[in-house]
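Two complexes follow with chain A in common, the first pairing it with chain B and the second with chain C.
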Partner chain A sequence: MRSAFAGSHPALNFLFFASVVAFGMVFFHPVFLGISFAAAFAYGVRLRGRRMLKTVFCLLLPTLLFVVLLGAAFNHYGVTTLFVLPNGNRVTLESIVHSLVTGGMVLTVFLWFVCYNAVVTTDKFLHVFGRAFPTGALLVSMTLRFLPIMRRRMQRIFEAQRGIGRGEGGRLRNGLHALSILVTWSLEGAVDTADSMKSRGYGIRGRTNYTRFFWTRRDAALSVLVLLGDALVIAGIVCGQTRAIYDPYICLPARTAFSYALYIGYALLCFMPLLLDLTEDYKWNRSR
Partner chain B sequence: MEQIQIEHLSFSYPLGSGNALEDVTLSVRAGEYVALCGESGCGKTTLLRHLKPALAPNGQTSGVVRFCGTPVRELDAREQASRIGFVQQDPESAVVTDKVYHELAFGLESVGVPQAQMRLRVAEMASYFGIGPWFNAPTDSLSGGQLQLLNLASVMALHPDVLLLDEPTSQLDPVSAADFLATVDRIHRELGLTIILTEHRLEDVLPCADRVIVLHRGRVAADCAPRDIGKALTGELGFLRDSVPSAMRIWAGTGSALPCPLTVCEGKQWLSDTVRVQNAVRRDVPPPETAESAVRMREVFFTYDKQAPDVLRGLTMDVPTGGVFALLGGNGAGKSTAMKAAAGLVQPYRGRIELFGRDVRKIPQKELYCRFVGVLPQQVRTLFTEKTVRLELEAIDRAHAEDMARRLRLTAFLDRHPYDLSGGEQQRTALAKVLLTQPQLLFLDEPTKGMDSAFKTDFAALLRELCERGVTVFMVSHDVEFCAKTADRCAMLFDGVLAADAPTVSFFADNTFYTTAANRIARHVFPDAVTDEDVICLCNENRI
Partner chain C sequence: MQRKPYLTVVSLTLSLAAVLVGAFLLRDRQYYLVSGVILLLACLPFAALFRKRRGKVRELVIVSVMAAIAVASRAAFYMLPTVKPLCAIAIITGLYLGEETGFMVGVLSMFLSNFLFGQGAWTPYQIFGMGFAVFVADVILRAGRFQSRRLVCAVVGALCCFAIYGLCADSCAVFAMAPDLSWKSVSAVLLTGLPFNASHAAVTGVVLFLTEKPIGEKLERMCVKYQLFQKGESE
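What follows is the complex of A and B.
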């Protein structure tokens, strides 16, 4: 799916994901967790459509349920007893909620990484790190070039060996044979690759980095917004608005006007990519 | 102005016997297009690499190479990287990065061109070479021809004064090869670059080149205009006979007094002036006796991926027992897939394939690939597992290894590592390995790719010899000239089904474009003439 946020500058993408993943990993407060989960889920569906729904409902939610059951069965702290198991252990509301929150947190961060993968392609990654580590970035790029070639070669080797009657007789033996051919072949190719790099001046001091991405005023404005959101949330953390205690009883900070402002601010931060996408969709549809 | 001067250059490899280059002296003017040719192992790549110090081979060198008056070894790294461009043989390993745009910018990044200028140069290259449509594509998705074009563009982005190309088309199919050489010619004409190109397939190069330098055993054997090569073909340059354009070879074969033709078009005019014009009557080819089918394919469907379109769409084909059968077709027509299906390496999802009347799926693997079917893959390196050629052969069949080595003339390098052999020798070793499994049915996938013409002639003889021993050969190829010379029956695969299937002569005589150069030259007078020898023979019978 085409996404306006994915089309913006890689640095903005990084800033956003760094913020939401960091916050997602430290917040135990159910409201913040809920907001982050909803945003990650909604944006994931926007980016990946039905495949995302499938991942969430077939894999993640059952795992969450399993974690909660396990947590409730083995943790017995808390004051609110729901029922007593045949072996005499109590099942408490606090332990269920705590497991749910912990599981939810992991799930949310996972969902954010799914979105990250869809938005930050390798060339964006290389753009952000290429300036600081040009050699490292080149190495990543070369590896990405090499992997599919290796896979294809391996396939050809197996096919060729089968064609002269070497397909039978032990998986390991054949695998080792194939691997030795692959290594020799690849080393031979690497000599050519090195020549090709040398002949185009690789190794001269003062390497620059070509980029396809441009920093626009819109990127700057959005980055400022993300940073403002971060500042607001950090202020909330400092004021103790995000703390949550589950043992021995559930205790959340008192809700004030500031809390509500904080909820809205955090929601705007997490939903920023989706809001951006929907605005652009709306503009596009109106312009038709 | 003399741009490149080579003075008394001699060179020997550390472990090689004798000199790879022997007292080579020549100079190249700015803006010249020079074709450097000769048999494989004549030293052309070694010479070319001496012009680019970053790639110069290690060994004993004497003499000097000057670029614009300065010895090349004294050029600083930045200058030689940008002013002398080099395009290598194997496009796949020459591409370094995973994205097309990054590859285009690779050289510019290396020499430290600033961002704004880099953007302009990349844009220029992408538009000049028509890379726009696949600018953002991963390099892995490109065809061989596209990869080589990308290599060329990436070198051109550095704005070189001289472009050196080392057999750039040897790994490409004929159509991509011709396209690539046309692009090189365009660069030469439009930008006035000096071009030095080594090539063993001269068909497409000679008409464009200003000058041809022939190397023989490390020495300059000839240095002349392309047309003058023709005169020497019957004399001292006899070893080039098989690599020059058909028109030139036919001309030399008839000993004509008219000027030597280079292209098909010139060849056609020359022929009209040389022979009495006939009525272009076709000889009746007797229908071949129906032999038993070695391979029988009936309505075979195949696809690599359920979502992808079918590669074979109901292919029905018969390969007669005995003789050489050639399956031709363009890139991606499904030739290799058809061959793999017939050899039982891939399973079609519908249809029936029989080998000598037996369903290929019902033959156990052990029986199928031992004394029954042998497959020579396109990349012969995929077969080499051992340290020496001798061990390679003995790994299959110890008793017959020596005998096979003698038959395929491998005895001289039995103790060498297979990777140290030349392309043709590797091909022979691989073939020996396959033949040791004693197949009745031999499958060959693009056997002539990267082969020089001298070895092609040998290889054709070898295939004929196998046929006489009762082996059926099924060959997949792009190489029209080779198939015309070698095959008994040819078929053309297009869009997953056979478009034509006939005995070789009528196959090529019926095609207008997809046929040999000799046939295109002579079809208006001798419609049945398919090979150069046919034309020479008919020419001599019908002289004015």
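What follows is the complex of A and C.
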């Protein structure tokens, strides 16, 4: 699915995901958790369609159930006893809710990373970090380029081995043998590659990188919005609005006008990519 | 390669700051976020070591080739899906090219295989776990001059892979899944990862035992032939 947010500048994508993942890992408060979960889920469905639904219902919800069962079985704090296990341990409402919240947190972060993997591709990652860590970025992009080469070489090695009648039997040995051949082949090639890089001017000062990303006014405006959202939520954290206690009894901070403003701000922050996508869709459909 | 003590100090200070911020500012129990940040900071001194090596193009390309081989090595055992020789190859590389190089190959290959299989909150744990396991194994093996004594290499490598990588990778699951950090619930989560870690370590040991000699000889030959990764020179 084409996404307007995925088409915007990588730095904005990074800023957004850094914010929502960090907040997603920190909040135990059910309202904030729910907002973040809903946003990650909705955006994931928008990005990946039916595959997202499959991931959530076949993989993530069973895991959540497992976590809740684990929590209820191992923790017996809390004042509200639901029932008593045969061995005398209590199963309490508080421990179940707490496990649900912890598991929901993991689930939310996981969903955000599903969106992250769809939006931030390798070239975007290298664009953001390439300038700060040029050697690291070079290593990453070079290794990414070597991966398909290695795979092709491996296939040719196997074919050649089969051709001289070494393909059958002792599979582990065959694999290790192929690996050893691959190392010989590639190490010699590596020195050639390096010499070629050097003779073409690698490491000379004043060279620039090609980029196909441009920082637009919309990116700037959205980044400011994300930063404002971050500031609001951090203010909420400092004021204790995001605290939640599950032991010995469930205790949430009192709701004031500020908390509702905080909920709305956090929701706007989390739903930002989806809102942007939907606005762009609307504009596109109307202009057609 | 010269070690840079001040960078270790910087990363330790930043880690401490992360712990304090987590403890006082966020107040709740934020092991998940704080530990991830610390692990990323722990890679800092190593990353800086490599920044210095820009001029040595040959060494950079060899590191990248070894990392690519480590990731692609899974394809060599396409019939045996449980065999993942990534850790073993990183250890062999470090054994002959220096433990910092081993760390770098481990980190890089783990990071890239996460690009293929999906990044997540587990990325810093796996990256650091792999790099650190390789680093420790190589420090032990190089200090004892155990190169080409493949049984020792296999045992040490398997133990490091099991204890260090297993613990680091599973601590992500612990912080994510265990409702609190009591001994009981932590061990429950760790036990579920035990069979996987044991098989991973066993594979690492077997691959190390069988390939330490052939691959090591080739790496050593490269070093001698092109005067690469020599000790005692800075820059």
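The rule is simple: the second predicted complex is superposed on the first by the 284 of 288 C-alpha atoms of A that agree within 3 Å, B and C clash if a C-alpha of one lies under 4 Å from a C-alpha of the other, contacts with A are read in each partner's own complex, and residues count from 1 in each chain.
By definition in this document, a contact is a pair of C-beta atoms (placed from the backbone, for glycine too) under 8 Å apart; a residue touches a chain by one contact, two chains touch by 3 or more.
Given the structure is predicted, the values throughout are model-derived calculations rather than measurements.
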Exercise. Will chain C clash with chain B on chain A after the two structures are superposed, or do they fit?
Worked result: fit
For this session: Once the structures are superposed on A, label A:113 by its partner contacts, choosing first (chain B), second (chain C), both or neither.
Result: second
For this session: Applying the touch criterion given at the start, work out whether A:95 contacts chain B, chain C, both or neither, answering first, second, both or neither.
Result: second
For this session: Tell me which partner A:189 touches in the superposition: chain B (first), chain C (second), both or neither.
Result: both
Exercise. With the two structures laid over each other on chain A, which partner does A:198 touch: chain B (first), chain C (second), both, or neither?
Worked result: both
Exercise. Among the partners chain B and chain C, which is in contact with a greater number of residues of chain A?
Worked result: C
For this session: Considering only touches as defined above, state whether A:180 meets chain B (first), chain C (second), both or neither.
Result: both
Problem set entry | Angle at chain A between chain B and chain C, C-alpha centres, nearest 10 degrees | 70
For this session: Using the touch definition from the top, say if A:144 reaches chain B (first), chain C (second), both or neither.
Result: both
Problem set entry | First, second, both or neither for A:252, with chain B first and chain C second | neither
For this session: For A:165, decide between first (touching chain B), second (touching chain C), both and neither.
Result: first
Problem set entry | Partner chain(s) touched by A:209 [first = chain B, second = chain C, both, neither] | first
Exercise. Chain B and chain C, closest CA-CA distance after overlay, in Å?
Worked result: 10
Exercise. Looking at chain A, which of its residues have contacts with both chain B and chain C?
Worked result: 122, 134, 138, 142, 144, 149, 180, 184, 189-190, 193, 195, 197-198, 202-203
For this session: Mind listing the chain C positions that touch chain A in their complex?
Result: 25-28, 30, 32-33, 36, 47, 50-51, 53-55, 57-58, 60-65, 67-69, 71-73, 75-77, 79-80, 83, 85, 89, 104, 108-109, 111-112, 115, 118-121, 176-180, 182, 184-185, 188-189, 206-207, 210-211, 214-215, 218-219, 222, 226
Exercise. Taking the complex as given, what residues does chain A use to touch chain C?
Worked result: 21-22, 25-26, 28, 67, 70-71, 74-75, 95, 98-99, 102-103, 105-106, 109-110, 113-114, 116-117, 122, 133-136, 138-140, 142-144, 146-147, 149-151, 154, 171-173, 175-176, 178-180, 182-184, 186-187, 189-191, 193-195, 197-198, 202-203, 237-238, 243-244
Problem set entry | Touch list for chain B against partner chain A, complex | 52, 54-55, 77-78, 81-82, 85-86, 88-90, 92-99, 101-102, 105-115, 118-119, 122, 139-140, 151, 154-155, 158, 340, 343, 345, 365-366, 369-370, 373-377, 379, 381-385, 396, 419, 433-434, 437, 443
Exercise. Any idea which chain A residues touch chain B in the complex?
Worked result: 122-123, 134, 138, 141-142, 144-145, 148-149, 153, 156-157, 159-168, 177, 180-181, 184-185, 188-190, 192-193, 195-212
